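Read through the structures below before going on.
Common to both upcoming complexes is chain A, partnered first by chain B, then by chain C.
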Partner chain A sequence: MVRRPLFLIIALVLVLLADGSAQKTVRASADVQNSVAADESLAIVVNQENTVENLAMKDLRSIFMGERSHWPNGRRITLVMMEPGQVERKAILRDIYRMNEADFSRHFLQGLFTGEVFVSPKTLASPVGVRKFIFNVPGAIGYVRASDVDSTIKVVRIDGRLPDDKDYQLRLQPHNGTK
Partner chain B sequence: MPSPLAQQGADSEQHVEPDVSNPEPERMDMSKTLLRMRGFGDVSFNGSDQKGSTTSFSLGQLNLFVTSDISEKFKFLGEIVFESGPDNFYEVPSGRTNEFGVDVERYLLQYSYNDYFNLAVGRYHTAIGFYNTAYHHSTWFQTTTGRPLLFQFEDTGGILPIHNVGVSASGRIPSGSLGLHYVAEIGNGRASRSPLQDEPVQNEVDENNHKAFNLALFARPEAIHGLQVGFSGYHDLLTPLAKPPIGETILAAHGVYMMPNFEWLNEVVLVRHSPQDGSRVFNTTGFYTQISKRWGSYRPYFRYQYINAPNNEPIFPDVGLRAGPSVGLRYDAAESVALKFQYDYNQLRNQPGVNALTLQLGFTF
Partner chain C sequence: MHPGPAGAHSIVDRFLYEISRYSSTLLLLMVFTVETGVVIFVIRDLRAADSEVQTMYVRSVIGLRGIGGLQYDAQETRRATLYALTTNDSNLQVEYADQSRDADRRVTNGINEYLARARTDSEIEVGKRLQSDWVAYLKVRDEVLASILEGSIKEAVDYDLQGGVPSFDRVRQDLEEIKRQYDEQASRQLADVDESSRRSAGRLVGVLCFTLLFASVSIWAIQRARMLSALKLAKLQMDFVASVSHELRTPLAVISASAQNIADGVVQEKDQLTRYGNVIRNHTRQLTELVNQILLFASTREGRTHYVMRPMSIEQLVESVMHNTREVVREAGFTVDLLIEPDLPPILGDISALSQCLQNLVGNAIKYGGKSGRISLRAFLHKSDVPLSDEIRIAVEDHGIGIDTSDLPHIFDPFYRSPAVAAAQIHGTGLGLPLAKNIAEAMGGKITVVTKLGVGSVFTLHLPALKKGTLQTETVRPDLLTRQ
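After this line comes the complex of A and B, so read on.
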């Protein structure tokens, strides 16, 4: 009578251990990937039709915060974010928003609630999705790793600098510990 | 072979042929209109030493916040609120105790032309001061368990025209780092209390041809992120039955500093009622200050508030003096759930002061 529940408990523990081990492997793989890309830059990208070539960091922040809702040509700005947990998103939250996930969610929910933010950010899972969305939406702005940029989207200079430039500010990891 | 990025760097200076080796990405259907809904609610347990009051569990407002992107320039925004208990206009209850009712608190079609000009038509929260357009009908957003006395809703005895039906224009004012914004509103305004009506917000018929107008200006200077200072001026004409018309002017000023970990809100309001028969003018003043700081999931707060209306005030003679501190603690148990515990002391004119305790669970879903 006692053996059956005991067997079930042992089986459950083994399943959990196996699951934990698998998660560790996935995490380790992700860590390797992240460390390889530690010094990689994040490119701010827009639709190819967008005439904006350069944005000051303060203007970029204003756009990402939802405080500016239109491009100079009158087209509505649609912000594209990657899903929570993605390294690119963490870097944007750190360097542009200076917020954690909870504060970010609250900021946009309250912005929509007050009507000050006209549309909430579009959230996409992968760089391919981001590229595809920005290609299709003339007023879209988002970010991808510099290595994920292709000719379907346009990179905007930030404070006059491109992601390959030495003093470019947006990187996956804090730049020389300055952040 | 140059990287796409390097190639784009060159593109920004001179136009070159697109990379034909890259297949064109798939086109997406962007024409869908999406209805989004978010909810807010709260449940409280409260009690006070006021004569005749009982300790009670209370259901707060159940708020369904609905938005829809109709097109690139048009958007719908609505706030549909289910609330229990009788409405209480100027301390005259209407409706049955414990019964739920539905109010459409906001009902707006918004048009966004650019950052400098946005138009909204429908029922909105009047841009008097800061609090009224910052928190609307969500207790979860608010640090405290409830709104300051100054900004109580009309149906809970509030003295300001919190809601209005009409047109509102808003936007930025080109002002560089000063960050100036404007809000200009014209609407039906609030009904006078005579005859006593079920609904003080004039949703369908205005009691006179005079329209209420409101102009608000505020600044969010770049140099101090989180700071907002501003003022507003509101004017309407109230026409109570068997009394001369009464001019209503409301002047408000605010200075708030809001950061994720720290907030300090300060607002002052003057409500001026001037009967047009040339008799005396009645001034009601009010202010509140609220400060809080977050440590992890905990946010202790303090608020002091004050309203002083003359005893013979023609529109709200029942308000009198109300003043006192509130202290409390907000604990964010999860990203969308907040537990608040608050103590209030309310000093009243010619009556004993009231001590009250509230435990509230506020949430969004």
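After this line comes the complex of A and C, so read on.
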């Protein structure tokens, strides 16, 4: 009679141990994926008709903060963001806005109300959506992973650097991250 | 010699007579040719009409279908653009923009295809106008889409009302004009096909009438040719009967008179009796030869003659001929020059038939040899490039009246006698040369003639030469014999 509860306890311990090791395996796999993506750059992209080739980081920040309403060619600026929770959006909030989601929302709500912010960001669900939006809107600016760039959109240099350049600042993971 | 009235009609008759022997083949050939022509003509017309209908179908029906597709896609371009106005969701707006661009690509391709197919100036003009109006509309559409995606709805509506609506209206009108053009083309082509089929029917009736007329003329020509042929044969037979009866009656009269004189005791002296006996013998021989000629000709015509084919030397043959004709030659006071090439190869044939053949040629040479008093008989070898085709040629030449070129085609026709010969009272049956020809052909040879009016004629018997030393004997019927 005593042997039966002892057997059940041992079985429970074994199951818990097995589950723990499985969770570790899944996490390790995610880490591998993150480490692969960590090296990838984030490209700032505009419509092919846009004549802007290069932006200083401070000008880029100003545009993304909604503090500028028009491009030098007179076209209205339309800001394109990806949906909350996406890795690309997180990187932009971290490197350009230097805000979290709550601060970001507050910034635009408050700015539009006070008139300090001229542009309300458009939210797209996928990199394909971002590309198509920018292709259709001459004054649009947004971001996608460097690997998602195609010929329908144009990549803008940031501080004179392209996503493939060594000192390019916008990456999915911070510079001093996994590197 | 040719029945019927003189002048143009007799030329037609002469022509009909000439073609009469080939009339059935010619008629068949000509009717076949005309019928083939009619069939080709009908097929060509049917194919042309079919091709016209196909062209009409491709250009009008498919064209109209294509324009219907263009109209739908143009509407789709505009509809998708305007649908983007109905939502604030940027993702949906992008989807609508995509749909609009897909549709506009189809329209652009359709316009390019239309322009590639356009042939007439008006088609090209309206096609280019449509292309330009469509590009103008797409510019406005792009602005409208951009405004919608930017969120400037009022601006988008303003753009659409001010630029989009009028430019899309122009596109719609262009498409309607193309459609109208296709309708007009279809009506024109339908009228063309109708006209073409009416024309084809007319031509077909014309050709059939021509064929009917042609067939009627041909039948008339054949009937007339047959009638002419029958008349000619009847005339030849009558001439033959007259000639034969004359040929029979004259010696019979001489024989009868001589016999009567002897029987009545008018002739009693030995010399006179000898002379009368010779007259009777000569005329009896003449009668016998005439009857033999007729019987021999009849038997060769019916293929009943059996020849004993055996190799013989030319010397043998010539000797037989000279022996059998010596009396005739002597009585006619002619001299025969014999020229026989030495070492001639033997020939295969029936010696009595070949002798008869050459006797006829020699007899003719004497009969038509005029006053020259000389004929020649030459035998020689004619070598051929083709193996086993060497020929022995035996030529009988006279220096007499010659043969008119108009008579040449008929001299081997049975019962034929040249009008000039008949007029000159030269007796004959018209069977000598046909008989000689039949025998020559039965021996695997032939007879050729070279003649000049007033100069003389050369009749040459061609016979296949055997290899020297060949000896064989066989009996054949002439219709089974083929030339080696």
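As a working rule, the second predicted complex is superposed on the first by the 140 of 179 C-alpha atoms of A that agree within 3 Å, B and C clash if a C-alpha of one lies under 4 Å from a C-alpha of the other, contacts with A are read in each partner's own complex, and residues count from 1 in each chain.
The rule is short, and it goes like this: a contact is a pair of C-beta atoms (placed from the backbone, for glycine too) under 8 Å apart; a residue touches a chain by one contact, two chains touch by 3 or more.
Please read these numbers as outputs of a predicted model, since none were measured by experiment.
Trainee: Considering only touches as defined above, state whether A:Glu49 meets chain B (first), chain C (second), both or neither.
Mentor: neither
Trainee: Just chain B (first), just chain C (second), both, or neither: which does A:Val155 touch?
Mentor: A:Val155 sits against chain B, while chain C stays out of touch.
Trainee: On the A-aligned overlay, A:Asp39 touches which partner chain: chain B = first, chain C = second, or both, or neither?
Mentor: Touch partners of A:Asp39: none, neither chain B nor chain C.
Trainee: Once chain A of both complexes is superposed, is A:Phe133 in touch with chain B (first), chain C (second), both, or neither?
Mentor: In the superposition, A:Phe133 touches chain B and chain C alike.
Trainee: Which partner chains sit in contact with A:Arg76 here, chain B, chain C, both or neither? Use first/second/both/neither.
Mentor: Both partners, chain B and chain C.
Trainee: For A:Lys122 in the superposed arrangement: first (chain B), second (chain C), both or neither?
Mentor: Second partner only, chain C.
Trainee: Tell me which partner touches more residues of chain A in the superposed arrangement, chain B or chain C.
Mentor: Ranking chain B and chain C by residues of chain A touched puts B first.
Trainee: Should A:Pro163 be classified as contacting the first partner (chain B), the second (chain C), both, or neither?
Mentor: first
Trainee: Where on chain A do the contacts with chain B and the contacts with chain C coincide?
Mentor: After superposing on chain A, chain A residues 76, 120, 132-133, 136-137, 139 contact both chain B and chain C.
Trainee: Enumerate the contact residues on chain B facing chain A in the complex.
Mentor: Contacts found on chain B: 3-9, 11-12, 18-19, 22, 24-28, 30, 36, 38, 65, 67, 69, 72-73, 75, 77, 108, 110, 112-115, 118, 120, 133-134, 136, 138, 141, 222, 260, 335, 364.
Trainee: If you look only at chain C, which of its residues touch chain A in the complex?
Mentor: 90-91, 93-94, 97-98, 142, 145-146, 149-152
Trainee: Which part of chain A faces chain B closely enough to touch in the complex?
Mentor: Listed in rising order, the residues are 43, 48, 53-54, 58, 68-70, 74-76, 99, 101-103, 105-106, 109-110, 112-115, 118-120, 131-133, 135-137, 139, 146, 149-152, 154-155, 157, 162-164.
Trainee: Within their complex, state which residues of chain A touch chain C.
Mentor: Result: residues 76, 78, 80, 120, 122-125, 129, 132-133, 136-140 of chain A touch chain C.
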